[in-house]
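Let me begin by handing over the structure; questions about it come next.
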Amino acid sequence: MPVITVDWWQGNDRAARAELVAELTRTTARVAGCPREAVTVLVRDVPRGHWATGGVLADEPADRPAGTR
Amino acid sequence: MPVITVDWWQGNDRAARAELVAELTRTTARVAGCPREAVTVLVRDVPRGHWATGGVLADEPADRPAGTR
Amino acid sequence: MPVITVDWWQGNDRAARAELVAELTRTTARVAGCPREAVTVLVRDVPRGHWATGGVLADEPADRPAGTR
Amino acid sequence: MPVITVDWWQGNDRAARAELVAELTRTTARVAGCPREAVTVLVRDVPRGHWATGGVLADEPADRPAGTR
Amino acid sequence: MPVITVDWWQGNDRAARAELVAELTRTTARVAGCPREAVTVLVRDVPRGHWATGGVLADEPADRPAGTR
Amino acid sequence: MPVITVDWWQGNDRAARAELVAELTRTTARVAGCPREAVTVLVRDVPRGHWATGGVLADEPADRPAGTR
């Protein structure tokens, strides 16, 4: 019944995703007191050019910080 | 005004998406009592390697079930 | 496996939600070719003061439309 | 940078949420190779009458299962 | 701390995304009274064949409008 | 057609929400080249006890930081 979404950087491989979903599910099932089979996890790989912190896309070169644009 | 998102398996073709959004919209407009034009539907095709139930990615081969890892 | 979210107006009662989730699930299971038990639906009731179309909150009195602000 | 959302049953208390976010963050930071401070977690408590599996709201009494409606 | 998601049409280029996230962040930081660095924005490019208004996919040819299907 | 969601701290009043959605809509419509009426914004007020950065709920007292738990 718990549904978990993870938006993270593109570039993590399948092994990383497998480890992530296994651990997130184990934790959530234990804390929620539900069977692991009840937990759904969706992992979304976000390209750096589609994510911003502080108003600057994450693929912005370091020599052109937000303040100078 | 209603906004619907559907996360489902990658692999459904355009005809399936067209049928899905037409019916979801018809149902939601009728139950909500709003015009169909007010309903927005987003369909996201999720690769099996990005979705997990029970802590196991959905593209895991059947001979390596969750319990054996 | 399909996960559906519906954001709609606050005010629909339990009978409306029950009808909505039953029909959305039936449609999605049929089009996706999966058992109904695989479909999860989340319904979120959004207060009109937290939703905007055209830049105007939906609880804005009709005599103060967007264009006059 | 990772953003995690968890939709789970209403009823878990603050201690459960604190444990959940601490562990989800630790796991995600380790697998993603980023500092914990980069991880954001949102926890949404969903009332049972707003969540359905198999087309039946989760607050449906057990004596009126989906198949009989 | 604010997290913003934008689902819009596929086709906008990087310059458009950079302008979008810069302005959305500036506005949100000012209204929320928080530093810009606290604002995260995710931009999702949605193909027209995965988005519907009024029950019709947005890549539907104009000569086959919703009403005629 | 663009759909924007904003998850921010509970506590902002209606005037803040009205200003937020008006400006987010204006920006998005201009950058996307679409009419303002095509933009939908959903604002979600998140209680501090349901949001975590760095694995610590945001309502955690300052004298009990993450590192000491």
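All chains are identified by letter, namely A, B, C, D, E and F, in their written order; residue positions are counted from 1 within each chain.
Quick note on the criterion: a contact is a pair of C-beta atoms (placed from the backbone, for glycine too) under 8 Å apart; a residue touches a chain by one contact, two chains touch by 3 or more.
Chain by chain, the UniProt names read as follows: A, B, C, D, E, F = 4-oxalocrotonate tautomerase family protein.
Remember, predicted model here, so these are calculated numbers, not experimental data.
Visitor: Taking touch as defined above, what minimum step count separates chain B and chain D?
Guide: 2
Visitor: Among B-F, A-D or A-E, where does the A-B interface recur, judging by over half of the contact pairs matching in residue number?
Guide: Comparing each option in B-F, A-D or A-E with A-B, the repeat is A-E.
Visitor: State the chain with the largest centre-to-centre distance from chain E, centres being mean CA positions.
Guide: D
Visitor: So what angle, to the nearest 5 degrees, turns chain A so that its CA atoms land on those of chain E?
Guide: Superposing chain A on chain E takes a rotation of 120 degrees, nearest 5.
Visitor: Farthest from chain C by Cα centre, which chain is it? Let me know.
Guide: A
Visitor: Taking the mean of the CA coordinates per chain, how far is chain B from chain C in Å?
Guide: 15
Visitor: Distance between chain B and chain E based on Cα centroids, please, to the nearest Å.
Guide: Result: the chain centres lie 19 Å from each other.
Visitor: Centre to centre, by mean C-alpha position, how many angstrom separate chain A and chain C?
Guide: Centres of chain A and chain C (C-alpha means) sit 25 Å apart.
Visitor: Which chain F residues reach two or more other chains?
Guide: As it turns out, chain F has residues touching two or more other chains at 1, 3, 7, 23-24, 40, 42, 51, 53.
Visitor: Could you run through all the chain pairs that touch each other?
Guide: A-B, A-C, A-D, A-E, B-C, B-E, B-F, C-D, C-F, D-E, D-F, E-F
Visitor: State the interface residues of chain F toward chain D in the complex, per the touch definition above.
Guide: Touch residues, chain F against chain D: 7, 46, 49-57, 60, 66, 69.
Visitor: Show which residues of chain A lie in contact with chain B when the two form their complex.
Guide: Spelled out, the residues of chain A in touch with chain B are 14, 17-18, 21-26, 29, 35-37, 39-45.
Visitor: State the interface residues of chain C toward chain A in the complex, per the touch definition above.
Guide: Touching chain A from chain C are residues 1, 3, 40, 42.
Visitor: Where on chain F is chain E touching in the complex?
Guide: Against chain E, chain F makes touches at 1-9, 12, 16, 19-20, 23-24, 27-28, 31-32, 51, 53, 58.
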